[in-house]
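Shared chain: chain A. Partners: chain B in the first complex, chain C in the second.
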Partner chain A sequence: MINEPAHSRLNLSLWQQSRQHFMKDRWGILGLLIVVLYLLVVIGVWFGLWGTEWSAISDDFNQGPSLQHWFGTNAIGQDIAERGIYATQVAFEVGVVVTVFAIFLGLLIGALAGFFNDTWIDGVLLWLMGVIDAIPFYLLVAAVAFAMQGHAWAMHLAMIAVFWTTTARLIRAEVIKLKQLAFVEAATAIGFNPVHLLFRHIIPNTNHLIIIQATIVFISAIKTEVILSFLGLGIKEGISWGLMIAEATNDIQAGYFNNFLAASLLLFILVIGFNLFSDAIQDALDPKLQKNHEKK
Partner chain B sequence: MNSWWFACRKLIGGIPLLFGVTLISFTLMVYFGPDLTYELLGKNPTATAIAEVRHSLGYDQPFWHRYLMYVQQLITLDFGLSMVKDQPVTELLQGAIPVSIQLLLPGFIIGNILAILLAMKAVQNRGKWPDKTIMTFSVIGMSVSFLVIIIGCQLIFSSSYGLDLFPVRGWQVHDKNEQFSWLAYLNYVTVPTIALVLISLGYNTRFYRAVLADEVNKDHINTARAFGHSDQKIYYQLLLKNTMVPIITRTLFSIPMVIISGSLLLESYFGIPGVGLITYEAIIAGDQPVLKAIVGLTAVLFVLVLIGAEILYRLFDPRMGATQK
Partner chain C sequence: MADTKYLLYLSLLVLLLSGCQEQQNTPEKNTADTEKVYRHSIDGKPTSLDPIKASSVYSNLLVVNIFDTLYSYQYLARPFQLKPNLATTMPQISDDGLTYTISIKKGVKFHPHPAFKDGVGREIVAADFIYSIKRSFDPKNRASGAWLWQNKIIGLDDWKQAGADYDKDVEGLKSLDDHTIQISLLQPYPQLIYSLAMGFAAITPREVVESLGAEFGSKPIGSGPFILDQFNSEAAYLLRNPDFRQEPLDLTAEGYSAARHEGYGLEALADRSPPFLDRLEVHFINESSSRWQSFTKGSEIHYTTVPKDKQNTVLLRKDPIELHPKITSEYHHSYGMEAGFVYHGFNMADPVFGYHPDAAQNNKNKALRCAIRSAHDWQQKNRAFYFGLGTIFPGIIPPAVPEYDADLSTASIEKDLMAAKKMLADNGWQTQNLPEFEYHVTGSVLQKQFFEQMRGFLNQVGYPNQKIKYHPYPSFGNFNQAIKNREAPFFFLGWTLDYPDAENTLQLFYGPNQTPGSNNFNYQNPAFDALFEQSSTMLPSAQRTALYRQMNQMVIDDCVVISGLSRKKIHLWHKNIITFPDREIVGGFHLRFVDVQ
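Presenting the complex of A and B:
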């Protein structure tokens, strides 16, 4: 299969087929463009190109949008656009940290549970997932924040502790399915080391699930950060969209909507972009859908 | 195997899960939780006073002993006094739970029924414009933060910048004679209900559409169509009944989440004295007795719902119990 020409349409590898499928998805491309745009904004903040003046206070209180202040200013004269842009980077940081750790944990535990299913290891790990899923999320975050006495990473830790279970369940189911396939049986028969088999041959076959889950966890993490920060359980130092919305609740009563609109719009566009992107790659990577595609 | 034995076995099977959730909430909230000794003491306490308080809080006891004390509190529903409000925790919750149910029930029911109807419309017109429109709106709905929906609803319906039709916040559903008044209830519940429906509609519609679309391709539906049954009968009788298992799962599983997560934001923003507001205030004030009660009780509630779901499945699909070992 490896030696066959990759250009003929029927012999494309699964990844290439998926990419072709994705490129035809206009909404998915739009989502990808939005995500890339935000990524550029974040990289700019990292390099100090913009978003540096987010905490600077001026005499222009509650200004409307103007050329100097794109989204206007807030009650103490801070530029809302600068704050929103800086908060983008905060949101991405939370999203990336939570996604990386939660996916890694989910992959590892899910793969172990699936590989050793029908043994006590699977039982214990399933029990652990059940327990974590049984505690309402916001309460678990509150409990973790409580136990860590308001530590800055309490929110990240709590999100990681909660978000890995879905990934682990999916990976577990997939590994159980893969274990019954002929290539695994053959590898076992010729005496492969089980650890080697799991990490080199089974886990790489769950890549598509990991990519899909990563986008889903990323979206959840960013949305959750906003709510937790609003409730006072999340970001405490610096600024985030959640904190901007929390500030805005006072502004709204006085009739100033800039802060609220800016934070909500930035959040909404990023999340919808990511949702479109995520949907498109789910379609592109779903083997079941691809078969249907070929039949046509 | 009769149903009673099945139910009993499921209940016994739930014990490890109950053990797990109580252990985690105990470890986080009580064992690693903040030391409350000095919150309960006056200024300049004596060494004996400190030792006494530590003993009454159980700090001098080993881990498992304290865990059993916590389980005992959960079973007897006696969590002592709230640190902030000087009122028994149980009494606080007794007052708050009915409020939360009154607040969330209409939105929960409308949100689910509306989502099923929309998903049905989408599946009936698969690939055509009604399907595309409904699914586009559900992605948009999923992308708007809950927070923005709640604030937006309040702004549009309750503030002087919008329609100004309903009260901004509060929960005065009783009239002067302490009687429950439906009119006042409608007045206060409408805006939170709209917000709740909007919050859940996107997710629910997408989920139900996926479930229904899966079922609609099955042979029994084709057969029914070949027999010339009406669309009405095919979709609302045959299809819906066969998708009841995932629909029940979804609905039941979201109950504990809706109670806490939904009410947390809604109640704290609209100032409604339900479980969510109590939780929010306890989080902000670090009121440990209230928090450990809520965390423990909701986790236990969730496990019970889980067991209830398995028993319900059997009523709708007798095969489920039989195939399990």
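Presenting the complex of A and C:
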């Protein structure tokens, strides 16, 4: 797919090479466009440009799609498009919050475990990750969400509690690898203290992993939020694609598919878009994959 | 090797196709040729099967089938008519209306239990009834039905105050002999006889209650037509009581009318002694779509009410009601307006929306409640959730009772956004200072939509979304408990009449009945209470009706409740089931008359 000779990249930084690689990935660009489009939708909701009438009710029950109601209306006359659009913001909010905290926690714990590899600190942290990973994912998320019922951040905390371990394991492995490299040995020989070494020299070299992992956690968080909301453990007062699909369980019985189609379509496009984007980033940031492409 | 692989694929294909075979849409008659099984369904789960806690229609439905009550209702007669059940005849009432003498049937035995001598159920005696009523007054039991007899029976309230010692007598509850009960009242109580047909008055054996303790609620032992076999969160499984008294069914005496009841096969039940089933299963299916799937699948539940989301496919016409031929060809059906209603209520003990010690704030709170009521659109609710079939009426006296006032002002059930906004503004309520509005309800997709609609109404008078909170409970039992614990400032509930007398809804607002009693609103109005007490001793009359209507108006004026709507329920059941279902007036007695063809 990539036919460009390797020598033309010699003057480019790794980041520039990655960007160049990404820009040539058409599927990745499509994914990025989808993500940007959703982001614009979210920004519009934040600024009150659209999605403001998501909770408004009317007398027009179960209407089909029309110019006034793009996805029709639900059983109590709410505009499904407005709800779907507003739910995009809810999904992104959950995705961003969970991603930021889960990645931060995973990065910190993974880096500590990797840096203190083969010590009791590593042992304890690995044990903790093992314990969390041993519990079935949705069971743990549901249990935490249920235990903290009523708390506005229950679902977010439940997901953060689960999602950080994968990041931590990846970072730990990367840190162990980086510790063996010459630049770290040189920094140690110069006499940098361990904290400086870890935070200034090792962790910055895990950025590519963090970016890739963040995209994966982001979309996983959104999917999990939809599932939890569908089960009644997620969003309560607001609206979510999961709640719309839950509503659809009754609508479908009555022969109305608007809620189901709208929520499923919005989720499907976002997941596809983010997966394309995530794959492309992974390809662009992973030097090994780039080399493989170049060999082809 | 390749042959083996193809053989394996073929086997898998056969297996898959066998799973795709068409479901026969005929109900399973029996699990064994000799066994008659009927699977009933209800949309909620009882929290306890102890009669003294049978405060929901779900509990009551099972309680009246496991236990005996002195009286019950004629199977088919409408309006509802009482009849003797465990009692031999209707009570002998003294001329002053203060003494009721009731004879009970001889030889009726409790279900077997190890707590009885040799594990064999002993005969019910008058003392069992007295014990059962006392239990409602034992503070340790946290009973829900004491309101029925509070300040009514001589010495009963004093017995409670004196420590609820079951070995001590109550002057107003006497067993004249083993089979004769005498109830003496402080003042005439015309509704007493109705109360004796309720699950709360079901007769329990003392030795079993004492042996099981709190477990009695899940392992009840009575003397009714069915014996509880299993009870869990999904269903209750009951077996026929083989020792149930032989009482051949007299269809005429039960109110059979060919015009109303022909075509259901009820005639085949005549002169046979219930129960007719070997096993009765009552499935608790909250989600309407699941209930409908289970019903239409053919081999699962045999009965359902038509869920909201199926009304457009079931109904061909709604005025008058006509069902789709596909439905009528496959199922039996009946319909009618419920003897009850749905309403939204405020917990007046909550200082945010209810009573406040500061008079000015108290007035503000009242204005807030009235504004919320004016924002509520019953017509829209009726169309969205009840297919426009419900009957909307003002106040708390529903059309199902004779005291209903068809000429009462409908102002309290009309949506008036301008008036609502004005009320809020005039009383200093603005978006910034509006209190958080908590909507407590049993968690389900349907109830969430009720919440969403209520939120929509509130939005229209300026209530911001962030101040409207959805508070779901995992089951109706948890929700009900929260109401009894005064944790729900605003709730959406239905009330099914216990007896055909408006007193039954008015008592929901009588001060002394405050939670954990039946007054979920914790409404305290001395003028209301005085009228209630005055009317409570009166026999049906124009004067009593006038008092009832005055009380109704007080509740409307105080904006305690957003009421109400009487639903029209459509019952469907499989054609091989002989029944005439009923969920009204302490529903459940009809289950003993169900048969499977």
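Note that in this section the second predicted complex is superposed on the first by the 279 of 296 C-alpha atoms of A that agree within 3 Å, B and C clash if a C-alpha of one lies under 4 Å from a C-alpha of the other, contacts with A are read in each partner's own complex, and residues count from 1 in each chain.
Please note the rule applied: a residue touches a chain if its C-beta (ideal position, glycine included) is under 8 Å from a C-beta of that chain, and two chains touch if they have at least 3 such contacts.
All of these numbers come straight from a predicted model, not from anything done at the bench.
Asker: Which holds for A:184: it touches chain B only (first), chain C only (second), both, or neither?
Answerer: neither
Asker: Report for A:262: first if it touches chain B alone, second if chain C alone, otherwise both or neither.
Answerer: A:262: touches no partner chain.
Asker: Identify the partner contact of A:249: answer first if only chain B is touched, second if only chain C is, both if each is, neither if none is.
Answerer: both
Asker: Which of the two partners, first being chain B and second being chain C, lies in contact with A:57: first, second, both, or neither?
Answerer: second
Asker: Of chain B and chain C, which one touches more residues of chain A?
Answerer: B
Asker: With both complexes superposed on chain A, which partner does A:232 reach: first (chain B), second (chain C), both or neither?
Answerer: It touches chain B and chain C both.
Asker: Check whether A:76 is in contact with chain B, with chain C, with both or with neither, and answer first, second, both or neither.
Answerer: In the superposed model, A:76 contacts chain C only, not chain B.
Asker: Common interface residues of chain A with chain B and chain C?
Answerer: On chain A, the residues that contact chain B in one structure and chain C in the other are 232, 249, 252-253, 255.
Asker: Provide the residue numbers of chain A that touch chain B in the complex, in ascending order.
Answerer: 127-128, 130-132, 134-140, 142-149, 223, 226-227, 230-233, 242, 245, 248-249, 252-253, 255, 260, 264, 267-268, 271-272, 275-276, 279
Asker: Under the touch definition given earlier, write down the residues of chain B that touch chain A in their complex.
Answerer: 16-17, 20-21, 23-25, 27-29, 32-34, 139-140, 142-148, 151-152, 155, 159, 161, 256-257, 259-261, 264-265, 268, 279-280, 283-284, 286, 288, 291, 294-295, 298-299, 302-303, 306
Asker: In their complex, what parts of chain A are in touch with chain C?
Answerer: Those in contact with chain C are residues 55-57, 59, 61, 75-78, 150, 232, 236-238, 243, 246-247, 249-255.
Asker: Would you tell me which residues of chain C are touching chain A in their complex?
Answerer: The contact residues of chain C facing chain A are 287-289, 292-293, 307-310, 312-313, 380, 383-384, 443, 445-446, 448-449, 452-453, 455-457, 459, 465-466, 468-472.
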